[in-house]
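Take a look at the structures listed below.
Paired with chain B in one complex and with chain C in the other, chain A is shared by the two complexes that follow.
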Partner chain A sequence: MKLFRKKPKKNKKVSQLLDQSKQISSMKELMEYCKESNDFVHYEHPIKNQSLWLSYYKPLVEAEILHRDILENVDEETIHSLQDLMESIPIENVVITKDIGVIHEKLLSGHIMIRFHERDTKCVLVNAPLKKTRSISVPEVEFSVIGPKESFVESIGTNLNLIRYRLPIPELKVKEFTVGNLSKSKVAVLYVDGITNQENVNTVIQRIEDIEFDELIDSSYITQIISDNPRSLFPQLLDTERPDRAVSVLAEGKIVILVNGSPHALIAPANLTEFFAAFEDYFLNPIIASAFRIIRFFSVVFSILVTPIYVAVLTYHYELVPKDLMGTLITSREVVPLPPILEAVFLELTIELLREAGARLPTKVGQTIGIVGGIVIGTASVEAGLTSNVLLIIVALAALASFTTPVYKMGNTIRLIRFPFLLFAYLLGFLGVVLSFCFLLAHLLRLTSLGRPFLEPIYPPRLKDMKDSVIRFPFSWNTKRPIQLQTEKTQRFSAKKARKRKDIDE
Partner chain B sequence: MGKHVPDYFKISPFLTFFLITAVQVGVGILSFQSIIVEPAGYDAWISIIIASIGVHILIFMMYKILNQEEHKDIFDIQTMLFGKWIGKSLGVITCVYFLLMSFVALRLYIEIIQVWMFPQISLLVVGTVFLLLVLYIINGGFKVIAGICFLGVVIPLYLILTLIFPLEFAYYDNLKPVLNHSVIELLLSAQKMTLSYLGFSTLFVYYPFLKEPKKTQKFAHFGVAFTTFLYVSTAIVSFLFYDEEQIKTVIWPTLGIWKIIEMPFVERFEYIGISSWTLVILPNITLTLWASSRGMKRMFNVNQRKTLIVYAIIIITVMLTVRGFDNIDKISELVTRFGFYYVFVYIPVLCIIHFIFQKVRESK
Partner chain C sequence: MKKIKVMITLCLLLLSGCSASNEIVDELALISAIGFDLTDDNKLQGTITVPNFQSDKTVTTEVFTETGTLIQEIEAKLNSEANQPLAIGKLEVILYNEKVAKQGIRKMKDVFVRDPSVGSRARMAVVEGNTKDVLTREYWTHGAGLYLAEMFDQNFINGRMPQSNIHLFTFALYSKGMDPFLPLVSVGKMVKINQIALFKEDKYVGKLPEDKTFTFHAMKDNFQDATYMIKKEQGEVSAAVNNIMSTRTVDFGENIKDPKITINIRLEGILREFKTEEEVDKQKVNKIEKQMEDQMEQEAKEIIQTLQELNVDPLGLGNKYRGLNRNFDEKKWDEMYKDLDITANVNVIIREFGIRR
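Then we have the complex of A and B:
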C-alpha cells in the first residue's frame, strides 16, 4: 500500500514554518522573520565602489572563514554580478538562488547570504559553518589496555573520518538522512557495497526514513525507535564508541549507523553473543580471549541465577544442601529474622542503590561512595542481623559478575531481569527459577535484529558462526563472514593461503 | 487453505532431529521402566529396540506419503483421500488427540511436582503459568517452537551424566541371563514401550515447515535412534540399580535413581532434576498444542491465536475438574491407547490407501 501513497510534495519556493498555517514566501518577509532573533546578523559591507549585504546567524558561522576567505577575496576583485562574486570566493558549493525555502534552510545550517542590495531576491550562499566539538579522546566505556585508543566524538564529520581512513575503499557507502522535525539531526548509514546484504541495508534505510520524531538527541533514540521489538529489555542493536570496532563489523558485512551529536555508533544486525564479546578479545591470543569470554558467559549465568537459587533453596529445598554446608548456612542465618526473599531483595536493592549513586555522582565522590557504602552497609547489615554473611558474599559476587558484561546496556538488562527470577524463586522454588528461565529463553528465541534471529548461532544452530561467538578461533579459521548476515560475498580471505603449513625447515 | 508455507517460516532440515526427539522424550522416561518390566522382565531393553524398529518403519511410511505430496500436511491429505466430510472428521479426531496429548503431558508433570516437590501447590497457578509460557512460545511462530525443541533437547542433556552415579551400586548380574523370555512376552513389552515413543505423528503437521523436506528423513530416523539410545541407557542403568521385583513397585524409577546422587554441594538431586524437566516437557506441550491448533486453522480457517486461548481455557477447566490420580491415569491410558492405534493401525492403512490412490492417479 505504501507504494501508492503519494509523498507530500515539498514546495521549495517557500519556507514552511512549524505552525503549518504560516509560511514565508518573499525575501522581505524572511529578513523580517529572521531579525526577530537577536543573533541574526544583517548588515551592509562597503567595498570599493559598491556595497554587499551580508546576513547570517552569528553562532553558526565561523568568523575566520568570513573574514579571511570571503571578504578578503571579494574586496580585491571588481565584481559586477552574483556570478562574479561566486567565482571569486574560494569555497566549494557556493550557490546562487532565489528559492526562499533553500535560503532559509541553508542559513540555519551555517551559510552566509550575500546580496548587492537589501531588496534583492537573488543571493549567493556561502558555506562557513562553525564547528566546535571536543577532540578525539580515549574510549571510556569500552576501554582496552592494548589496541587503538580512539573513540567517536559528537561530530558526525569527525566520526566519518575516523571510519573512512581505516577503510579506504570506494565500496564504503554512506547514506545520509535528516531526522527529527526540530533537531534536523544528520543520520548516516554506512555499509560496504558488495559485502553487506542489500536487504538489510534497505530495512535500515526504510526504518530510518519512517522515523517520526521531533528532537533526536542521541543514537540510543534510534535504537529504541527502529528495534524489531522496542518493548524488549534486551538491546537489539549494538552500540560502540570504538571506530575500530565499527570498521571491523563493516568488514564483516554489518551496517553502522551514525548520528550527529552522538559519540556512539550503532551496529546492526546484532546477536546475543556479541554483547558478551569485548573488542579487546581480538587483540589477545585466541586461547586467552576464549577463556575470558567463557568466564564472562558463566558470570552472566551466575549473576542471574545465584540469588534466586539461594532464595529457592532456603525457602523450599533445604534438603538438598549437604550436612556440612548446612552448618555454615545455619550459623550465618541464625540471627536473621527475615525470610530469605526479603533478605535477598534488601541486599540486591542496596547494591542497586550503590551503583545508581555511584553513577550519578562525580567520579571522585562516586568511587568513595562505592567503597564506603559497600563496606559499611554490608558489614553493618550483617552485624545488625538483617542479612547473612553468605548472602552478602553471593550478592556481591553476582553484582561483580554483572559488571563483566562489556556492553553497558546489556549489563543493565542482566541486573534487572534478576528480580523476576527472585520473585518466581520465592513463589515456586526451583520450578520457578526454571520457569522464568524458560520465559527468558522463549523471549530470546522470539527476538530478531533486522529480522535476523537474535539468538544465532545458538539457535538456529550454525556451527560455522560458532567460530567467533563463545569461543574465538584464530583469525586463520574465520575465513567466512557470518551466515547470519547473509552477505553477498561470504569469503573474507583465502583459507588456503592463510592456513598453509610449511614443511619442517622449508 | 492450500497456501504454501513461505520460505521465511521454514526451518533447517537437521532440526527435524530435535523436533522428533523433543516430542518423544517426556514424562514417560521417568516411569517407563516399571511398565515394560511387567511382561518381559529384565529382557525388556530388547523390547525398547524392537519398538524403536517399529517406529522407524512408521516414520518411513509417513515420509512415503508426505514426500509424494509436496507442501501438504495430514489435513490436506485426509481431505484429498477421503473427501471433505470424512477427511475433516478424521482431522478433528487428530486435533483432539494432539490436544489431549498436551493435556496429559502437562497434567502428569504437575502430578510429579505435586508428589515430589510441592504437595500443596495450586493447579490453577502452575497450570496458568505453564500455559502462558506455552502460548507465548507458540505465538512466536513455528521457528520459535523448533527453537524450544532444540534447546529442550540440548540443555537437559547434562542429565545424562546423572546416569553415572547409580553405577556405583550397580549389580551387573541383574541382566543375566539374557533372552530368558518368550518372543510373545518381548512383543508385549514392546507394545507397552511404543507408548513412550508417541508424539512423532506431529511430523504430519509440521512437514510443510521443513526446508528441503525430502532430505529430512534421515534426521527423523536419527532422532528416533537418539530417543532409543536415551531409553535403552536409562532402562539398563535402572535395571542394574533396582531389583526386578522392586522396580515393579516403583512408579518413577528414574526419580529414585536421582535421589541417591550426592555431590559435595548438592544432595537430593531430584529437586533439580524435576525442575529441569520443565525444559523437556515444554516441547511436548508446545508442539502438540501447536499441531492441534494448526489443524483447526487448516481445516476451518479459524484464527490460530484465538484457538489457542480456547484450548488453554479447556485445558485449565479439565485440569480443575478431573481430580485424583486414578482419573488422570485413566485419561492418560485412554490417550496412549488411542495413540497406539493411531500410529500402528491408522498410519499403515493411510499409507496403503495413499499408495492405491497414487496408482489410480497415475493411471488416469
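Then we have the complex of A and C:
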C-alpha cells in the first residue's frame, strides 16, 4: 500500500494528467494523446527540400501569425537545424526543448510546435496565441457622468495595461499566480512597493497560493474563498470595474487582485464606509460629494430599518404614532385582512420578485416587468385590500434606497438583512429591532478584511481616517494614507505645499 | 456548542407561546379623551370618546359612558360595549368635572401616571359643568378628543394659557412649596379654555377669571405671544398689546428669614390696536405703557390676594424659597404664606406700534 500512496516525484520530463496514475513520458505518447482531441492539428508542411511537422491546438493559435510570420520566414534553404529555425522566426521567446511537460503546457497556452521529422523528440515552440477579447467599454456597474469612461475587460493583459499606464512607476509590482487545477487561471496581485504594508501583501499572496479549487471563473470566487469570514453576508473585499479606482487605491497603499477572465478587480483591505462611496465622489466638489455620501448612508439605514419599524409600531407601539398620522394609517390598514408582518413580508417579497425577474430577463423585457410590476401589482394589491398604501410607499422607498449603494454586492446584503429585522420586529417590537441591530453591530465589529478592522474608522475610532469616509474632505486635507492600511510611507504629499496658495500676489 | 444548540432549540419550541401580545393599531379602539363626572348618587361616571376613522378620511366619534366607583370598573364596563379592545395609549385629554375635582383627583391621575402607555404630555383640565356634555358635542371635522387636544395646544403655544399636562400637574403636586393648577374649561354655547383652576394639594379650591390669566401667566412663567387688553376705567378695552417676550424674576428681599417677595416682570410688546382718535406717538405710547403697568400690578395684587386667601401657591414661590433656604420647613412656609408681603413689579416696554405706508 505504501507504494501507491507515495507521491510521484515531480518530474519535468513528463506531463502529469488529471488521472494521477497516468502520465505521458514520450513525444509519441504525447502526440497520440493530443490527437484524441479533434481540434489538435498535426501535419507535415513541405518546404523545398525538406518538410516541417507542425502541431498545435487550432482554437488557441492565431492563424495569421502562423502564416505571415512563421511559414513565410522558414521557407528557405538555409534552415538545417532547429537553431536555424529558431533564428529565422521573428518572434520572441522561441524555445527549443525536449521536455514533454513543458511542451504540453506550452501547446495548451497557444504555442506551435515545429519539428523536422515526426519522430523527433526535440522541437521548437513558437508562441502564437489567439486573443479574442472584448474591447474596452464604458463602465456599466459603476457608471459616472464625469471622469474616465474605461472599464476593465476579461483579459488580464489589457487590465494590467490599463493600470500600468496610469501608474508609470517601477515600484508597481505585479505578482502572478496560477490558480485552479483545471482553469489554470492567471491571478495577479498588484501593489506599490514601498507604500503597501508587506504584511498585507504576504497575507494575500499566501491566501491565493493556498487556494484549492478547480475552475476559477471570476474574481468573485476569490472574494468568497479568501475572505476573512467567508460566511458573513458582508463582502470584505471591494470589487470594482474601474481602472481609475483600482489605481487610486493602489496609491493609497491597498492591494489589487486581478483575475484573468474577470472584468472586476478586487481591492483589499476594505472597510465598511468604502462600500458607500462611489468613485464619482472624487470628481465632485467635496461638499457636494459629502452631501451625497451622507444621503447614501441615511438611505441605507432607512432601507434596513423602515419596514421593521413600521411592523413594530403597528404591532406593538401604537402610542408612538403621531395623532395626525393615525387617521391615515388606520384608514389605509382598515380593509387589510393581514397582520402588519404578513403584509410587509408580502410586499417585500413582491419587490424582490420584481427585481429578480427584472435581472434575469433580457433588458427590454426586464423594463416591461419593472413597469408592470411597479404600477400594476402595487396599485392592484392596494385596491384588492391586500396591503395598505402607506406600506406600499414605505417598501418602495426602502427598495429604492437600497439601490443607492454604489457597490452591487453591498446592495444585495442590505436587501437581505431586512428580513431578520422584520422577523424580530414582529416577535418583540422595537426591542427586537434593537436586538437585531445589536447583532448586526457585533457582527460588523468582529469582521476583518485581511486582518484589518472592517468597521474602521468608526470602530476603532480613527479620526484621521474620517477625512475620507462618510464625509470627504478636500484633497489638500488628505495628506496621509489611511491608518487602517498601516502603510510603509504614510505621507502622500506635503501638506504645506498643497495648501499654499499659488497666487502671484501673495 | 452542542449544549447551546439544544438550549436554543428548546427555547424556540417551549417559549414560542410566551411572545408579547399584539396590539395592532387598526384593531384597537383608541381612547382620545376621558371625562369624569359625578352622578346624583355620588358615583363616578366615566365618558370616553373613540375616534372612528372612516375610509373616506372623515372621522366620526363614538362616545361611551358608564358609571362605577373605580376607573378600572368603568373601563371593564366600557369594554363590554366596544367592538374592539379599548386602548388608552393615545389618550390626549383628561377632563374632570368641578365636583370630582373638589373631592381630589390624586387617585384618578395616578391611574394614568402608572400606565406607561399613557403619554405624560396628555392634557388635563377641569370643566365648569358636565364633561359628558363637552365630549358629546359635535366639533368641526375631528372627533371631540382630537379637537380638544388641538384647542388646548394652540392656547398653550400662543401663551394664552399656562401649559398643563399630567407631568406638570404631578410635578407641582409632589413638589415642596408648590401647588398645582389646571386650565378651567367653561361650557356655554362654545367650549372655552379661558380660566385657571387652583388646587390645594389635589383638591380644586378656587379659580381665577379669564381676564387674570395673562397676568397669572406672566407671574408664573416666561412666555410669549399672548395679547393683553388694556382697559379704561369703565371696563372698555382701549388698547391691545402683543407680548414679544416676558421674563419674570422673583426677589425674596434682603432678610431670608423674613422674606419680602417681589415678582419682577419685564414685558416687551408690540402695540397692536388702540381706540383713540389721535395719532399715536412716543408720548402716547409711554402713557399706554404706564397704563398697562398699573393695570397689571393691580391685577397681580388681586391674584396674590386670592392665592393667599385660599392658601395655595401655584406660582411655586415656596419652591423657589426652598432653593434659597437650607432649613426649609413646609409646614412653617404654609403658615407663613398667608401673611407674606408679596408684590408684583411690572415693567412694560413697547417696542413698536406699527409701520405705516
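The rule we apply is simple: the second predicted complex is superposed on the first by the 490 of 506 C-alpha atoms of A that agree within 3 Å, B and C clash if a C-alpha of one lies under 4 Å from a C-alpha of the other, contacts with A are read in each partner's own complex, and residues count from 1 in each chain.
As a convention for this text, a contact is a pair of C-beta atoms (placed from the backbone, for glycine too) under 8 Å apart; a residue touches a chain by one contact, two chains touch by 3 or more.
Computed from a predicted structure; not experimentally measured.
**Student:** Figure out whether A:319 sits in contact with chain B (first) or chain C (second), or with both, or with neither.
**Tutor:** both
**Student:** Thinking of the overlay built on chain A, is A:428 touched by chain B (first), by chain C (second), by both, or by neither?
**Tutor:** After superposing on A, A:428 lies in contact with both chain B and chain C.
**Student:** For A:460, is the partner it touches chain B (first), chain C (second), both, or none of the two (neither)?
**Tutor:** So A:460 only meets chain B here.
**Student:** First (chain B), second (chain C), both or neither: which does A:445 touch?
**Tutor:** Only chain B is touched by A:445; chain C is not.
**Student:** Counting only touches as set out at the top, which of chain B and chain C does A:245 meet: first, second, both, neither?
**Tutor:** neither
**Student:** Would you check which partner chain A:333 touches, where first means chain B only, second means chain C only, and both and neither mean what they say?
**Tutor:** So A:333 only meets chain C here.
**Student:** Once the two structures are superposed, pull the chain A residues common to the chain B and chain C interfaces.
**Tutor:** After superposing on chain A, chain A residues 316, 319, 321, 428-429 contact both chain B and chain C.
**Student:** Where on chain B does chain A make contact in their complex?
**Tutor:** 11-12, 15, 113, 117-118, 121, 126, 129-130, 133, 136-137, 140, 143-144, 147-148, 150-151, 262, 264-269, 271-272, 274-276, 278-279, 282
**Student:** In the complex formed with chain B, which residues of chain A make contact?
**Tutor:** 316-317, 319-322, 325, 428-431, 433-435, 438-439, 441-443, 445-446, 453, 455, 459-461
**Student:** Show me the residue ranges of chain A that touch chain C in the complex, using the header's touch definition.
**Tutor:** 313-316, 318-319, 321, 323, 326-327, 329-331, 333-336, 339-340, 427-429
**Student:** Within their complex, state which residues of chain C touch chain A.
**Tutor:** For chain C paired with chain A, touching residues are 19-20, 22-26, 28, 30, 32, 51, 53-55, 57, 59, 87, 89-90, 92, 117, 119, 146, 149.
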